[in-house]
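Structure first, commentary second.
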Amino acid sequence: MIVVMKPGSTQQQINHIVELVEQLGLRSHVIVGTERTVIAALGEKRDGAKQALETGDGVEKVVPILAPYKMASTEVRKDPTCVSALEFKVGAGHIGVIAGPCSVENEEQILHVAREVKAAGAAALRGGAFKPRTSPYSFQGMKEKGLELLALARAETGLAVVSEVMAPEHVPLLKRYVDVLQVGARNMQNYTLLEAVGESGMPVLLKRGPAATMDEFLLAAEYILKTGNTQVILCERGIRTFEDHTRFTLPLATVPYLKQTTHLPIIVDPSHGTGKANLVAPMAVAAIAAGADGLMVEVHPDPEKALSDGYQSLTPAAFAAMMVECRKVARALGRDL
Amino acid sequence: MIVVMKPGSTQQQINHIVELVEQLGLRSHVIVGTERTVIAALGEKRDGAKQALETGDGVEKVVPILAPYKMASTEVRKDPTCVSALEFKVGAGHIGVIAGPCSVENEEQILHVAREVKAAGAAALRGGAFKPRTSPYSFQGMKEKGLELLALARAETGLAVVSEVMAPEHVPLLKRYVDVLQVGARNMQNYTLLEAVGESGMPVLLKRGPAATMDEFLLAAEYILKTGNTQVILCERGIRTFEDHTRFTLPLATVPYLKQTTHLPIIVDPSHGTGKANLVAPMAVAAIAAGADGLMVEVHPDPEKALSDGYQSLTPAAFAAMMVECRKVARALGRDL
Amino acid sequence: MIVVMKPGSTQQQINHIVELVEQLGLRSHVIVGTERTVIAALGEKRDGAKQALETGDGVEKVVPILAPYKMASTEVRKDPTCVSALEFKVGAGHIGVIAGPCSVENEEQILHVAREVKAAGAAALRGGAFKPRTSPYSFQGMKEKGLELLALARAETGLAVVSEVMAPEHVPLLKRYVDVLQVGARNMQNYTLLEAVGESGMPVLLKRGPAATMDEFLLAAEYILKTGNTQVILCERGIRTFEDHTRFTLPLATVPYLKQTTHLPIIVDPSHGTGKANLVAPMAVAAIAAGADGLMVEVHPDPEKALSDGYQSLTPAAFAAMMVECRKVARALGRDL
Amino acid sequence: MIVVMKPGSTQQQINHIVELVEQLGLRSHVIVGTERTVIAALGEKRDGAKQALETGDGVEKVVPILAPYKMASTEVRKDPTCVSALEFKVGAGHIGVIAGPCSVENEEQILHVAREVKAAGAAALRGGAFKPRTSPYSFQGMKEKGLELLALARAETGLAVVSEVMAPEHVPLLKRYVDVLQVGARNMQNYTLLEAVGESGMPVLLKRGPAATMDEFLLAAEYILKTGNTQVILCERGIRTFEDHTRFTLPLATVPYLKQTTHLPIIVDPSHGTGKANLVAPMAVAAIAAGADGLMVEVHPDPEKALSDGYQSLTPAAFAAMMVECRKVARALGRDL
């Protein structure tokens, strides 16, 4: 860390910070500049050290040097991680596509979508059974009955099943039916949930919270990794900004940034990332072009009748067309999809 | 709802939307304008109706007319709600101040702070025992031992105790020790938690998520109200924006907006809202001037040694000085503090 | 427009709004719903009508139905506009790439870059001669001497020259040397400048302001179009958000959104849009995949020695490699580059 | 500056950066940490030095230590600056209130408002004659005729006149009629305009751009100060965020932050800052409580008939009531208004 002293800080204040640095088990190094004094604090970063120094008398700011996460970092593990479940593979060169309805609604719907997205090239099926809804008056999902239908669709198609888990106590139930546990954007910093999915040993798809920085996103992943579970997929799904022509703003630069920063696979959800069906395909193609390891796309046989997220769902035919474009781009760039 | 058709929409598309509106149990009303056709959909709003209409062929957008929340609205209940616990009262004319350390660290610390904030005029003591921390490597709280110390401080001072609950399964434990359950900003949309705190029957302090709109904030409150528990305090604690000279941006216009929109009390947390100790007092005074029903402020006997949030904590002396200013402003505006 | 009355609005208030609507030369249409009354105001939208109605007693909000811009809209002109200068063509199927240094620094630099970017496939050369700099202490550009060097580079390579104009009084000077006038992001709402560049009759490259909505962006274009000048290129260059791992957030969904909304060509600037050289190429490729009509990229022979924006500039070799990838993707999608 | 090297940077890369630092005329100081090497660059900051170092091979990031502005800083001038025009005084203990209509519309309107706001305690009159409007179809102001009416209102009431200037070439014209030149939010980074108003020698009111950081805001002020003109008033008028219940988000923490950072006076515009008439008064009172040196408020005799900004304008009576509350708070805090 670098401790920057205020202009005009006294020798006594500087000495106090040096002492504080040393009490924290770090080595100090004082640099007297033209207008400011700066104190470097060297050594293993201790939690709380930054905060303690920040409150020191005469301190203007403390600049951290090291990234706050460890196990997610390419500094710790150079080789990209591949996360897999059945024939769904994502990362380390594999592009994996997850598709399906926002919510499981009935047997016919989920089986129909499963067959269609499989035919178009998806390797995993999404479908919500426990639905976190902004309004308590909205459809909350079919619960266990929905999970049973997802398992049925898997049995018929061989697609891996991805479904959201909303509470630690539901983990054992989901484990019986699904292949990948999804942690939704609203729960990205629900730490008891992160620990529970980590301890399940199952692959986890972690969605970025709409106000999360990259450090916060990777630290959320770190909660899972710390349990010993390395099967974590990161998913960019859009952030909250002032833009109002889309539901969220989809910042695709996240993809190349994370490819350089972490070994975990990064996929993109253009459905939530735009909130408009007619923008999904161009952003899916762009995500592949930016280097994404996969996609998560909402597909519904009849979006007009969907119980949730119809406005951002593709029909099976539109999804198939999107996959054709994605495949062209992937192949042009020497990747396989 | 108002359904706005695209320019050049056909009569067939319009007829289809009219049918859809009627299938949804709503009355339709077609208005042919100079350049667009607009269809009003009248009646009790049905969940999912907006979404179904949005996906209709030829539809440009659907504009909701009614607020999505009900029980939180001043349309349903005109009289302001007072939330109370022991001598702590907030709302309906009462200004309640909650103060204390970010985390409970030890007996001496919490008792010392409790006495000091009580003397300065606080009616409730805050202190984290279960701490949601961005990094898994940060101090995670003293857990039950921390709750015991909070209860001890209450026994000695009479202050009501406010502490955060991170998971539904912890609710019974917290209920044994604390007076007000806090739902943190990261968990504002953790719906299983909202239902659990609602069902506890205890007063709940609900913090705004840093990317939550007012509708989302009030809908989160609605999850609690829907359980029959009306003791909900809303807390503005800052939002995520591009500003980098403060940790969050504290939008005080939330206060008068919510006073006009909901009967629930609204308090302000200038500690998280600024993230800088030297900005806390001016923003606390401004919050009272804007009409806030209370404050939540971090106070630590020795911020430099705090295990969390020292950079934004006031010393007991600074807190007492802040209270003097707040009281002057409250009284000047004819309010009591 | 749709005027939504507050719940409990009186008949007198409703009558008053109806009168106001009619005074504004619009037809009114009252719709009495279950909980609210809504008044549709039909006819040609009059400027100020929305504002007048918004202040009416008993009015909750006024919802506009029509987009506020006209000449930029696909509703007015269906065929895409092609903007061209020398051999540089953008829009209506043409992908045009503009490349060059942030600032013109000397003859050798600009000639070297011009040759290299031409060889790699760019059709236009960028280079700042008048530089708007955040700090008054930063290099402000070579002024007219820089323009002369740009003209020299054009003479040698045949590239069209794009350069920023900062004030109406500079327009005649730039007109003597350059082919496309650039209006920078900071000046997107400098209306006297917009009118001046419009009246110049020259092609204009209009950059999106970092806090501009799509309506504001298109209304800024409308200031230029209203002068009769239809040669306007829109340029997405990133917005201000809370993200701190990139300099700006580059929202590529702007591209397909604008393709559906306006006939004007839309290009992307991944250099300013990310602010990091190592993210430029992936975002350039993604922009092409999303359907962009062109790119604007900073290239410097020796970024380390650049007088401005070195951190986001590509070397000529990196630019050439980027063009190879962009071309692969364009061709895979049936476009020519 | 502090140059942070990437993990695993080579000795050769480090040597190269040291050389670069020295070529830039700075002293270098290498600190070898446990995981990273850090190089401090000491001496007078040279423009461009940060950028040059950022592009160096093996460099992860460069952290500036000094604020980028100088003349605006409390480090250069400790005593607060008072800006004055006629009897209007702001800063250095003086609270100055500017009030008036968004646009000058006719003689009766401006004289009426001028008398009313004077009676309520305002010392300056605002009124737009040259109006920057988002849409080219909106009312653009009365131009010189409007300035004449403002001068008439000044002659009658003694109020100082504040009006916006949109282009350098208008400065001489405005100088003949007004006392304070306003630079609008859209023009905060219109550097030719900043230089022109600086050179006018007149007091300048500089509004914060809705996406401007504090550093950018103070650097814009620095453009004016650098001309030798120290009569600069900073005005917080709200920022662009995701919030949609207000037109902008008004971040009052700007006030105490700037009071600590700069000697220039800082005032608040709660009209643009909220965009809703019913939120203006509470935010005005809160701004005074936060320590603001003044206010700028839109007042119109009949907001419903206003040609611009009616929805956020107060009636003279509402303004007078607001002033009563502001005065109570100012006096309670020992300030005079």
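Letters A, B, C and D name the chains as they come in the text, with residue numbers starting at 1 for each one.
Simple rule for what comes next: a residue touches a chain if its C-beta (ideal position, glycine included) is under 8 Å from a C-beta of that chain, and two chains touch if they have at least 3 such contacts.
Everything numeric in this text was worked out from a predicted model, so none of it was measured.
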{"item": "Smallest number of contact steps required from chain B to reach chain D", "value": "1"}
{"item": "Pair joined by more contacting C-beta pairs (B-C or C-D)", "value": "C-D"}
{"item": "Interchain centroid distance [CA atoms averaged], chain B/chain C, Å", "value": "38"}
{"item": "Distance between chain centroids, defined by C-alpha means - chain A, chain C (Å)", "value": "31"}
{"item": "Gap in Å, rounded to a whole number, between the CA centres of chain D and chain C", "value": "26"}
{"item": "Junction residues of chain D, two or more chains touched", "value": "211, 239-242, 244"}
{"item": "Interfacial residue positions of chain C with respect to chain B in the complex", "value": "2, 4, 7, 29, 31, 33-36, 38, 40, 42-44, 63, 65-66, 75, 240-242, 244"}
{"item": "Chain D residues within the chain C interface of the complex", "value": "20, 47-48, 51-52, 54-56, 68-69, 132-139, 166-169, 186-187, 189-193, 209-211, 215-216, 219, 222-223, 226, 239-240, 277, 303-311, 313"}
{"item": "Interfacial residue positions of chain C with respect to chain A in the complex", "value": "211, 213-214, 239, 241-246, 249-253, 255-257, 260, 273-274, 278-279, 282-283, 285-291, 325, 328-329, 331-333"}
